[in-house]
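Below is one structure. I have some questions about it.
Labels for the chains are A, B, C, D and E, by order of writing; each one numbers its residues from 1.
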Amino acid sequence: MMEPGLYHLLFISAALFFIGVYGFLTRRNLITMLMSIELILNSVNLNFIAFNKYLWPGKMDGLFFTLFIIAIAAAEAAVAIAIIINLYRSHQSIDVENAEELKY
Amino acid sequence: MNLLLLIGAPLLTAVAVLLSRNREQVKWISLAGSVVQLAVAFVLLFAYTGERAAGNTAQMLFEQHHVLFASLNINFHFGVDGISVAMVLLTSFVLIAGVLVSWNIEKMTKEFYFLLILLALGAYGFFISLDLFILFFFLEISVIPKYLLIGIWGSGKKEYSANKLALMLMGGSALILVGMLGLYFTAGHSFDIMALSQKNIPTNVQYIIFPLLFVGFGVFTALFPLHTWVPDGHSSAPTAGSMFLAGISMKLGGYGCLRVATYLLPEGAKEYAQIIIVLSAIAILYGAFATMMQKDLKYINAYSSVSHVGFSLLGIGMLTQTAITGALMQMVSHGLMTALFFAVIGMIYDRTHTRMVNEMGGLMKVMPFITTVLFIVGLCSLGLPGLSGFVAEMTVFMGSWQRDDLFHRIATIAAAMSIVVTAVYILRAIGNTAMGPLKNAGYLQLKDAAWNEKLAAVILVAGILAIGIAPGWLNDLLRPAAEEIMNKIGGK
Amino acid sequence: MITGSTIIFYLLASLTLTCGFLSVTTRQIFRAAIYLLFSLIGIAGLYFWLQYEFIAAVQVVVYVGGIVVLIIFSIFLTQQAGEKLAKQKPGRKIFSALAVFCGFALTMIQVYQHTFYETSETPLPTTVFNIGKKMMNVNEEGYALPFEVISMLLLAAMIGCIVIALRSKPETK
Amino acid sequence: MPNSTAIALIPLLPLAGFLLLGLAGRKYLKNSSGIIGTALLLASTVLALYTAYEYFFVYGRVNGVYQQFVPLEITWLEFSKGVSINISLIIDPISVMMLVVVTFVSLMVHVYSLGYMKGEERFPTYYSFLGLFTFSMLGLVLSGNIFQIYIFWELVGVSSFLLIGYYYDKPSAVAACKKAFIVTRFADLGFLIGILILSYSAGTLDFPTLIQRLTSPGSDEIKTAVTYSFLGISALSWGAMLVFIGGAGKSAMFPLHIWLPDAMEGPTPVSALIHAATMVVAGVYLVARLFPVFALTTPAVLEIIGWVGAVSAIIAAVIACTQTDIKRVLAYSTMSQIGYMMFALGVSSYGGGGESGYTASLFHLFTHAMFKALLFLGAGAVIHFVHSNEMKDMGGLRKYLPITHITFLIACLAIAGIPPFAGFFSKEAILLAAHENNKAIYWIALITSGLTAFYMFRLYFTIFWNKPHVIHGEKHGEGGWAMMLPLVLLAVGAAAAGFIPFGEFVSPDGKPIESKFHLGFSVAPVALGVGGIIAALWLYKKQSDKSTKLAASLGRLYKAAYHKFYIDEIYLFITRKVLFNLVGRPAAWFDRHVVDGLVNLAGNTTQAVSEGIKKVQSGKVQQYAIYFLAGVILLAVLVIYGWK
Amino acid sequence: MNEFLTLMKSELLVTAIIFLLLFIKIGKGIKNESLLSLVQALLLVNFIAGFFLNTTGNLFGDMFYTNPLIVFQKNILGLGVYLISLLCADWLKKSEHLPEFFMLLLSALLGMFLMISSGNLLIFYLSLELATIPVAAMANFDLNKKRSSEGAMKMILSSAFSSGILLFGISLLYGASGTISFAEIPAQLDNSPLQVLAFVFLFTAFAFKLSIVPFHLWTADVYEGSPIAVTAFLSVISKGSVAFIFMTTLYKVFQPMQEIWYNMLVMLAVATMVIGNLFALRQQNIKRFLAFSSIAQVGFILVGISSNDNMGITAVVYFILVYIFSNLAAFGVAAVISDQSGRENIDDYRGLYKTNPFLSWVLALALFSLAGIPPTAGFFGKLFLLTAGGSKASYWFITVAALNMVISLYYYLRVVRAVFMEKNEHPVENLKPGLPVKLGLIICAAGIVLIGLLSWIYDYIHSLS
């Protein structure tokens, strides 16, 4: 085993990113899709922190980026959940496959 | 002579039409406006000939520059040579006749006249523009009024025809646009025709741009095989619409083929001349043969237009001064003739409510005036001396014959053969409608032309005769301009 | 040479990835939320491991304390806690997996082929003081503007949520 | 010097008549239009006679040679330097002679129509058309420019069309006028291309220059023209040949003659004017006008002309023997006589003593105008009387129509070539010329002359003798003075015109030629003529079945001749079956289904594609994301690996 | 401080309005009509204020950058919002959440302003989200309609997904270049594969926002589901703002990669025009129809962007100015009809001219302008885009674009045909839009007719760029 470093973190982050993407693509429940989004955002955060730590420690660009992403994630999640709940009220379902009235 | 008058007069008329209150006002304002435009056109003619007589040898007269988009070097650049003057005159003739024959339009009269005048505005602007961008602007202006005229006031499968027309014409202008931009960038950011004509555009670029421009304008002027909007469009359009369509719009294309494509890209023209000749010879003969089989009067004239306009393109493709003069004459002549033909067809249709040749017969008995005009226009179409068609076609033939290799000879002979086929279908049409026993006793009640129709017909017939009997003035107008073009191209 | 730090790293990494993976594959929605929680905690752990304590703290507070709770609430709200999640069509799964794999491979190849620029900057300690100072700075390298922007965003999001979630009378239509 | 105003007025007066009557006739001049038209033409005729007198006897001959004058020339349309259509008046022996013929016959017809067409509804229109025709014909003969001649050529064509279709509600008349126009138009196509070739070679359109350039053997024009050839025939020969085709069409030469018999659907005076005396000889005039070119530069074409004339002459004569419609008999006879004129030109040559054919041809043109117009007008009187064109409705009319009878007989004798009537002299001259130059044609001509006598007297006897006439309804006379006066005047012409010393005035180069006259030579044709008359007398004087028996014994030949050798059917086949069905219909079909189909196909394809790809927009947000991701990956791969 | 006020005047004004509304909402609240008039007045003030005190400068280090061109772009957007407030007045009056609606709308506008002015990736990302999340909430404002929620859901999820990819790209770029400042990035670009990959990720976020094929799929669904005012905002203002920043980013930040993005632009432009047109052909719902047509329009904008010079900037800004008038006029008419008769299908528009000539003419004018028919301004807009795109002299590219104009004409004419030519037994009754709506429509119509002919506008933009 190697000494953990930048590439390891990048691997984890990329893996997590694509796990999130996979979840987003395959999950039928809207809330679980939202959860996948959170995974995606977290992977990005990890990337930023890793780069900040290993490559560009002179400034804190990555760190701040991460900080703001976390805030945005919260806002986004809030709005998304509000919408999902509203959708649930009218559809009585939060299965994404059922929300396909708008098409073609 | 301020050329802006030619734009201002129709513009004012159009605005006045929009502001008028009732049908009568609309009609009289339109008529007055078109009379004014006719007057302006004549003033232009006399001013032009006067200048020329006074020894002004500039290629373009009455030039005007107004900066429009300075940063793109787009200007209102207007100016006329003999060709423009002739075309402007043609437009004003057709406009006034169109206004007159539409006198009894009941549906949405105001809109109808507004569009009609807008169409004329586009044509005037197109013919006097010396800036490609402005030229294109006016060309496009004239497309949508046609669409609406056909779609709203037309008959038969009007929506289909209107769509086809609009799309094909826009397709043509799309090609023009590309060609135009190509010119703009190769010649150092200029749309000015006069400036472009001074530039040396590399031959390989000409080879690319010329077909774009020529085919683009060719669509407007029914270049085979892109002519199929013509029969449908003409047959569905209301009378005045068909008159404008065939009388003016198709001329826009011919004018563009010459003034833009051929003049600016002589090497391209030489390269593709043979193809143009083949296509136009096909159009001439094929159009004539296809006409022979038509039963609807409007289709007859539509296909015959394809055939006749072929002469214009043939003349251009021949690239001799005489042939080009002939091509231009053919444009003017065909404009008047076909407008008149459609006017007559409209008059007949208004009365008999059919356009089918075999359902009519013996109309000479009930409407002598209309049938007389039908005879005149038919004879003009088949090239009877004394009428304009003859002069134009003969000039084309004489010009074409100056190319003395076998290819051009055969093309000329093929084109000349159409005069026989033309005789066949024209006589068939006239024979079956005007002559023969009266097919329908009900026709006995029909009235002959009303004053407005008579006036319209007389105006157009006057134009046809003016060219047919004394072609010299038109020749003097067009020939020097054609010579300028040939000087640029080089050759005979 | 295996140090404790390395072991911790790998433990955290495997926790994060495993939980993340389980979170997107389990068919029990509540479990999914819990797996997500652990995955996020794993990431927080990695931040700790990287000595970015402030971020780690924020991560725990906002994500674990905020978002995951929000999600769990919404799961309850939509009354699906006990049910198994509907199965996805296999075709969709295969395509997604394929696309995801390609994307992953592509990214990793690019990352590993890239030689990152070795910096010689002196690291700026990520103390709360430094962070706070920068956050409030309006000049060069200050983050006051983003801070304001995010506040507007949060305000807007709040308004939006209120309007949507508190719809007055659900008319039956 | 010629008086250009007077000469210009000759065609312009009828034109004025046309315009006046055409525009105002219907409403305001309903009854006086005939008088106005006739008066104008009378003035025209007087001017023409005056011009002829002045030309032939006062100023025309200089040093014993008749000169060519161009008193008026206006540039009408300039094509390029030196090549322009000039509207000009040319004065030389043939044009002056034609002026006289045209105005005189036209005047006769105008007068005659006053009686014949009386009470017609479109009386003013009729006179205006006559005016138009006369104008065009006069313009044609005065043309000093080959394109001018083409212009008037077309105009006479259209006036002929209008007059044939005068009874426009009769389907047969409509068909006939269309046919006449189209067939001649076809020939005109040849003429037009011929003009293009000749004018291109000569570099001018003016006759005098054109002829001068194309006949001087060493000229540049000839040299260049000769180098161009197509299918092994020189451009000039093609040009001359094509010009002749134009003439052949107008003059109803075989095989372009089919329109002429049908043209008889027009009013009879019109047939007399247009389809007997004037327009149909335009082809002869044209060849005569360009005679130096034919004779000096393209003798081969001239020989073809000769043969076409001869063949037309005999074929027409044979057909004429079998027809039962009197106007058709006369029409074929016209064709046959024009064939005479044509081959007379064909056997002639320019200078060197061989030019007698030329003179003879024009002489015959002159006399033929007289007697053929007379025949038609006489036939008109007969038709007017019995209201039918068919021979079977006639017979024994000599009692009822005495003046017509006598004048008709004179005309028949003239055309049969019985001395001392006009036809004898001109025909003798033609036969003599043929005898001198081409024996084969001579024999054909001789046989034709016998046939001519036979069918003319067949006509004569059937109309005026044969069975006694039964009068249906009220009895009316021969028609007033208006109809009789032209008959008498023309009869005088037909009887006396032969004594004019034609060779004095008309020859290819303007120098008078001596009229040769051999008494011995005349024996054969006159004998044949008399034989023909006797045969007709025997067969048709009394009502009998001899003629039917004879016809039966001739079998196929008779049938073929009766059906005009099926030439019409061949034409019908070519036009209907080949042109309409094999060219026109496919062209129309092709246009609607292939060309237009392609355009529609483009539209439909777009629609279909649009319909086909709608599934992409499935409404499923995850699917969208897959496309998104796939798009990103593809783009990245393309950018990283594709465009490096 | 003075500099701060002048440079950020648009942003500050908008923020002030937002807070004003917030206080009104928290306080007693006033009647919708008067509130609406107030907002309209304030927006007008905001628009007019945009013409004064335009200077160039940086704030907050290099995070905020502005210059006259950027101010002009902001003005265009401000004008668009003002027009929306006029055109949708009838619908807004009836809304229960009028203040909230405007607060969200203006937050989004604020986000766009900041986005256009952004000087580094962080502020860009934040303002992008600020411009997106409130709009997603607004999309759900037809609270009782299923479609509205569905649209909002699709929007928020898709945009979250897209911002995930964007962020991943930014993070890689950050790693590979070490900076997030727009000013510093170009120097660090060496076109290494990782940077290119990061750029592609970044690019697709723009593509998503601009609805470039194949990242466009959310567009139509969201447009159709949302209230018409939101659709109008999305299709005009939102697109316009992204187009501006997209162009700036490409020209300024990624100039070293221009070969790469030129190729991408060409390919995507063609795909976007073709697919947008093909989908628009068959649409029945007017909003969906306009959605696809706006996708096709974006294709043309890309043609202009591909030129990579001043001419391109001018053409794009000019086109968006024209586009705002044209598209808003179309949406305005659709809003009136949908609001007062509840009809949104093109077939319902048949015979409209008989009953509503004014609306019909405005609609026709708008559609002609969208199709690029003279004398409307759309003609000039399209033509300048193609001219800009033509400067690279790639004939086939321009030909494809020009031919796509023809296809687009087909479906625009379809609506015109329905309105003017076809017969309908139950046409839309005679509608009486309110005064603000009429005013809005007239402004739009005047804009459509005049902008093209008033050539100094173009020259003015050119002088700015």
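In the analysis below, a contact is a pair of C-beta atoms (placed from the backbone, for glycine too) under 8 Å apart; a residue touches a chain by one contact, two chains touch by 3 or more.
Just so you know, these numbers come straight off a predicted model, no measurement behind them.
Asks: Both chain B and chain D are touched by which chains?
Replies: Where chain B and chain D share a partner, that partner set is E.
Asks: If you walk from chain to touching chain, how few steps can bring you from chain C to chain D?
Replies: Graph distance in the chain contact network comes out at 1.
Asks: Highest contact-pair count belongs to which two chains?
Replies: A-C
Asks: Among all chains, whose Cα centre is located farthest from the one for chain A?
Replies: D
Asks: Please list the single chain whose C-alpha centre lies closest to the global protein C-alpha centre.
Replies: B
Asks: Compared with chain E, which chain's mean CA position is the farthest off?
Replies: It is D.
Asks: Rounded to the nearest whole Å, what is the centre-to-centre distance of chain A and chain D, using the mean of the C-alpha atoms as each centre?
Replies: 96
Asks: Return the distance between the CA-based centres of chain C and chain E, expressed in whole Å.
Replies: 31
Asks: Could you grab the centroid distance between chain A and chain C? Build each centroid from C-alpha atoms only and quote it in angstrom.
Replies: 5
Asks: Using Cα averages as centroids, what's the distance between chain B and chain C in whole Å?
Replies: Taking the mean C-alpha position of each chain, the two centres sit 70 Å apart.
Asks: Where in chain A do residues touch two or more of the other chains?
Replies: Counting only residues that touch two or more other chains, chain A contributes 10, 17, 20-21, 24-26, 33-34, 50, 55-56, 64, 68, 72, 75-76, 79, 82-84, 86, 97, 99-104.
Asks: Which residues of chain D are in contact with two or more other chains?
Replies: 603, 614, 617, 619, 621-623, 625-626, 629-630, 632, 636, 640
Asks: Residue numbers in chain C touching 2 or more other chains?
Replies: Within chain C, the residues that touch at least two other chains are 92, 96, 99-100, 103, 106-107, 110-111, 116-117, 119, 141, 143, 146, 150, 153, 157, 160-161, 164, 167, 170.
Asks: Which two-chain combinations touch?
Replies: Contacting pairs: A-C, A-D, A-E, B-D, B-E, C-D, C-E, D-E.
Asks: Where on chain E is chain C touching in the complex?
Replies: Those residues of chain E that touch chain C are 15, 18, 22, 59-64, 96-97, 100, 103-104, 107-108, 110-111, 114, 122-123, 126-127, 129-130, 133-134, 136-138, 140-141, 143-145, 152, 172, 175-176, 178, 192-194, 197.
Asks: Where on chain A does chain D make contact in their complex?
Replies: 21, 24-26, 33, 96-97, 99-104
Asks: Going by the contact rule at the top, pick out the chain C residues touching chain A in the complex.
Replies: For this pair, the touching residues of chain C are 1-2, 5-6, 9-10, 13, 16-17, 20-21, 23-25, 29, 32-33, 36, 39-40, 43, 46-47, 50-52, 54-55, 58-59, 62-63, 66-67, 70-71, 74-75, 77-78, 80, 85-88, 92-93, 96-97, 99-101, 103-104, 107-108, 111-112, 116-119, 121-124, 126, 130-131, 134-135, 141, 143, 146, 150, 153-154, 157-158, 160-161, 164-165, 167, 170.
Asks: In the complex, go through chain B and note every residue touching chain E.
Replies: Within the complex, chain B touches chain E at residues 67-72, 74, 133, 136-138, 140-141, 143-144, 147-148, 151-152, 158-159, 162-163, 166-167, 170-171, 174-175, 177-178, 181-182, 184-186, 208, 212.
Asks: Mind listing the chain A positions that touch chain E in their complex?
Replies: Result: residues 10, 13, 17, 20-21, 24, 30, 33-34, 37, 40-41, 43-44, 47-48, 50-51, 55-56, 61-62, 64-65, 68-69, 72, 75-76, 79-80, 82-84, 86-87, 90-91, 99-104 of chain A touch chain E.
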